[in-house]
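We just call them A, B, C and D in the order they show up, numbering each chain from 1.
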Amino acid sequence: MEIKKILIANRGEIALRVERACRERGIATVAVYSDVDRAGLHVLEADEAYRLGAAAATESYLRGDKILEIAKQTGADAIHPGYGFLSENADFADACERAGVKFIGPPASAMRALGSKTRARQAADAAGMPRTPGSTTGLASVEEALEVAEKIGYPVMLKAAAGGGGKGMRAIAKPEELPGAFESAKSEAERAFGSGEVYLEKLIEQPRHVEIQVLADEHGNCLYLGERECSVQRRHQKVIEEAPSAVVGAELRRRMGEAAVRLAQTAGYTNAGTVEFLLDKDGNFYFLEMNTRLQVEHPVTELVTGLDLVHLQIDVAEGKPLALRQEDVTLRGHAIECRVYAEDPENQFFPSPGKITRLLQPGGPGIREDCGVYEGWTVPMDYDPMLSKLIAYAPTREMAIARLLRALDEYVIGGIRSNLGLFRRILQDEDFRRAAIDTGYLDRLLSSGPARECEREPEVKLAAALGAAVLETRRTVSTNGASGGGPAERAWKLAARREATR
Amino acid sequence: MEIKKILIANRGEIALRVERACRERGIATVAVYSDVDRAGLHVLEADEAYRLGAAAATESYLRGDKILEIAKQTGADAIHPGYGFLSENADFADACERAGVKFIGPPASAMRALGSKTRARQAADAAGMPRTPGSTTGLASVEEALEVAEKIGYPVMLKAAAGGGGKGMRAIAKPEELPGAFESAKSEAERAFGSGEVYLEKLIEQPRHVEIQVLADEHGNCLYLGERECSVQRRHQKVIEEAPSAVVGAELRRRMGEAAVRLAQTAGYTNAGTVEFLLDKDGNFYFLEMNTRLQVEHPVTELVTGLDLVHLQIDVAEGKPLALRQEDVTLRGHAIECRVYAEDPENQFFPSPGKITRLLQPGGPGIREDCGVYEGWTVPMDYDPMLSKLIAYAPTREMAIARLLRALDEYVIGGIRSNLGLFRRILQDEDFRRAAIDTGYLDRLLSSGPARECEREPEVKLAAALGAAVLETRRTVSTNGASGGGPAERAWKLAARREATR
Amino acid sequence: MKVYLEIAGERREIQLERAADGLYRAVLDGRAVEVHAEELRPGVLSLLMDGRAYRVVAEETVESEDWAVHVGRERFAYRMDDPRSLRSRLRANEHGDGPRTLKASMPGRVVRVLAAEGDAVTVGQGVLVIEAMKMQNEVKSPKDGVVARLLAAPGDAVGAGQDLAVIE
Amino acid sequence: MKVYLEIAGERREIQLERAADGLYRAVLDGRAVEVHAEELRPGVLSLLMDGRAYRVVAEETVESEDWAVHVGRERFAYRMDDPRSLRSRLRANEHGDGPRTLKASMPGRVVRVLAAEGDAVTVGQGVLVIEAMKMQNEVKSPKDGVVARLLAAPGDAVGAGQDLAVIE
């Protein structure tokens, strides 16, 4: 089946990224948007665009019914869900199938088999792949929890089966802590996910987060496309991802890859997916969970494999058998991605939505930016605060780090705060540079105090003062300000507005 | 020797590209600029910047004396010449050496050995590499020319030994044409290059232009980094370049590569260089000339090899032995570059300098742009009209073409004319798509008449009319125009200016 | 508000009414259309018309009276045709049988003058040669007539749109 | 022209004189410097000072009174300190012992109000909680005092810079 038109049920950079792939294939695109996204790039660059509703995701990007209706009305053959929103919603995938619209992702059955963490752990056992010791079904009582914990040994992790983002998760060092944690985790999970199912697993100390990209066609073929290391996390959210991992060699890669492929095949998985592992200090890996969609960090895999995952997703959705064999997949060079967020590192990473009044974007050799914003865009407060993904590719990890630092120097985001400075700090950190990272790395770095202020050179301070003065005088003398007006003009507007609203 | 500071004796995208590499290595950069380039990006992004003189290249970028003086005063360890300007000037390289400033390029002796086409042909013979049949020394008389032509057989090419850009070049089909052509080519060469030396070679019919990138260190090691196909040319100027060539297989690549390496080693070549060949229909290749510098089209080689040529150039200049062996050099995927020029394809490709009033640049997966301009930049009329190099990388040639077309759709250059439309035409052309190209391809395409106007869809025409109307009304009602002012405001300014200058 | 324009070789009369934030009701050559326009940054419009999305980018040409919009990959030159508009009035001066001014279409340097003041010239005949970026271009007479004035001499640097000669 | 500003924690007095196109002679805290400034596009300056090149980018914050310039990778917040400037006058209202207005530092939604009108509050005490992008932030009192007025209620959407409460 040749796909002629795709509705993209998403927004921001990922919607634009899918649109670009579609245009490269001559596939028409249908964008959907909420009220605050009318001026979004994904609307600008689509062939068709339709309004979903108000800003809240529940009124817009989570409205599977409306989205499917638009797909039918516009004659879209397929829906690409991106990541987040409806991308792992098995009911939506089912509804698409019933409506005869191809959902670009795995079948609902595979999503369900892997969506619950306890069921995924059962699938892992069925596939004969290592996972953390612990339960594979929900815990019925505190007593059962204590029993399991005793068997696997403390410290243990209590986790919500439906979990995500660290909610309903508790690390437990000794038996006395378990009863209280059990109750609070259960009720937190109940509130967050509508399911209080929790289970126990052995806590792996200082693990690395290493994940395997898999790709399966609808004819039983499944490949692994190398690993990504995502150990740099803050509150269980990935901040920097890279490929390959500095500590994964060919043999470990093959073993993890083959395990991931077995899991996917056991669950009848198709299309792109990611199997997440914890990797301990001794090189043992443990199945963590499977993400049944394209991931935010897929570009690092694309850069080191030379493949295009969205094109491959569409190939698979069209029913084509994979044109690649496992031995055709080779890794070359090193890629690192920074998730650029509208958040203020100096203010507990609080989100910083608002208007981007100044944007200078980096470029040049080895730099890819998957970006969904532009100068003048107002970052809505209603969604994930990711602005852009800045990715560097270079022959070696060391050069990729240097290249990213160079690109960060070129990058200016004004009007809102961003975490660009955080990346500079990490990329210059000795531990990161020698790849001595684990999932606790970033929290340790941040709790070690604020970034050491490098002594600013007097000339730079002088240039800043003179630059500010020159800009101010230009603003003042110009009768016709620049777009948006200079500071002086804005101050005037601000005063006028206040007068008006008094 | 570790290089700490580099002066970049160039402008535009290549100066910026070298600055970026330097910043990635922690090397300080010194920019130089002519009066019309004060607002150039290479000045903005440098650590230091010094004025050379008036716009004309002879007053600025060709002033080796001034440039070397600045290098000495700023304590620069090395000079990167980019391409063009002083990059193949052996006297300048000599002067650098005498001044103790490292010239990032081959030694003057190698430049001299390969700079004259007749001497380069002698070097090719010494290296035992195939070249076109014909003379290897200047022709003393018409009689000698007739004799040589008789021996190699018509049609023949008469060429200037010091030539470039097609000057002093004549294709000759039969003996009667030779005497006239001999005199006119000689005097044209004398005027253009200060040397009337001409020689004869057999004309290869419908050849492809295929060149080999070589890289040699100062310890006798030399590698070839695959080939580039540059057959799409207009008046002997490359328009589109790609790597690899669709018609070069592994065996031919090895033979051409080894021949190129032999030539470089015979001439004592170091650093990056390019050996150009003609490739005939039967797969025979003939040495054409060697370019003793980094080429405009080096990015396509970088994308398919995963290497960074400017970093490698600096490594070599620092005296490091090459860390790569020939078997480490592998090609993956396909890259195509478009040279974006300020020229008007609808007006005989006349240059179109002036202010870029609107610039929307493409991006996303697989797109690299090495660009030296920005919205608001005034393209000077004094230099080469290249604005930017747009490069697409993809797993296959077909996908790279589709990706470039997608990127071209995203690209808008306003205020001046550009050749973006020409690339769309070539990339959609059936012959180009099946790689049925030779150095005469583009001239044939262009002489086949103007681009077939695709019938514009009525909706697009409607959108254009409504868009224009909306923009016009917004301009009219806005009391405070956007940056630069709207059309209406500009019309007013234009009128006011006329009044003032009357 | 009524807008008259000449675009893609067609004259259009557009009645435009702003209905709500960004929404316009238009009557174009008698046909009613609704269009939603969002200006992302000055000169860059996102247009939605019946579900179809268009990127319309205004090309601002600084020194000329030819405007253009880019819709997707296509460029549409246009002229405002409102007889009341200043622009139309400016343009009107350039038409008719009166004197016509030759202008430089791009910045460059005058390298040759091919006709002297008082010479008769025919339409299409070269009057001056300008060089930029090492290429030469002939500036041609737009009509049959006489070179009334030469405003540039060999060696002069000229800017785009600068007057070069007047043909009567 | 004289400019007073507070930047990187230092007060600077800058006497600025435009000498030629782009060239300024400045006296900064008594020291004479020459600087060449080229504005590439609004807010983006190329500064040359004694051969050193700096990229100075003005950050335009729409709804706030804090300005900043980015020089290379560093961001410098600054305030104009000219007593005659409107901006300084605006800011003066916010200082001293008088009533102080609590403002939203970013757009969001008020989810909780932690103090009622008439309540005494101490410096640093939370007065309201705002949520944006699924994260919550306490808005704290800038001084010891009494909540004179509450200008927002739970559920209200607020814009950046919007007044939330007055502390007297």
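The rule is short, and it goes like this: a contact is a pair of C-beta atoms (placed from the backbone, for glycine too) under 8 Å apart; a residue touches a chain by one contact, two chains touch by 3 or more.
For clarity, every value in this text was computed on a predicted model and none was experimentally measured.
> Based on CA centres, what chain would you say lies at the far end from chain A?
C
> Between A-C and A-D, which chain pair is linked by more C-beta pairs in contact?
A-D
> In angstrom, rounded to a whole number, how far apart do the mean CA points of chain C and chain D lie?
44
> So how far apart, in whole Å, are chain A and chain C when each is placed at the average of its C-alpha atoms?
48
> Just give me the whole-number Å value for how far the CA centre of chain B lies from that of chain C.
Result: the chain centres lie 32 Å from each other.
> When you check chain A against every other chain, which residues touch at least two of them?
45, 409, 482-483, in rising order.
> Hey, what residues on chain C touch two or more of the other chains?
Each of 42, 44, 52 in chain C touches at least two other chains.
> Would you mind writing out the residues of chain A in touch with chain C in their complex?
31, 38-39, 43-50, 74, 374-377, 483
> Where on chain C is chain A touching in the complex?
Residues 22, 36, 38, 40-42, 44, 46, 48, 51-53, 55.
> Provide the residue numbers of chain C that touch chain B in the complex, in ascending order.
1, 3, 5, 7-8, 10, 12, 14, 16, 24, 26, 28, 33, 35, 37, 39, 42-45, 47, 49, 52, 54, 56-63, 65, 67-74, 76, 78, 80, 85-87, 90, 105-109, 132-135, 137, 160
> Show me the residue ranges of chain A that touch chain D in the complex, using the header's touch definition.
342, 347-355, 357-358, 360, 381-385, 408-409, 412, 414-415, 424, 456, 459-474, 476, 482-484, 486-488, 490-492, 494-495
> In their shared complex, at which residues does chain A touch chain B?
Spelled out, the residues of chain A in touch with chain B are 16-17, 20-21, 23-26, 45, 299, 302, 306-308, 310-311, 330, 332-333, 363-366, 368-371, 394-395, 399, 402-403, 405-406, 409-410, 480-483, 485.
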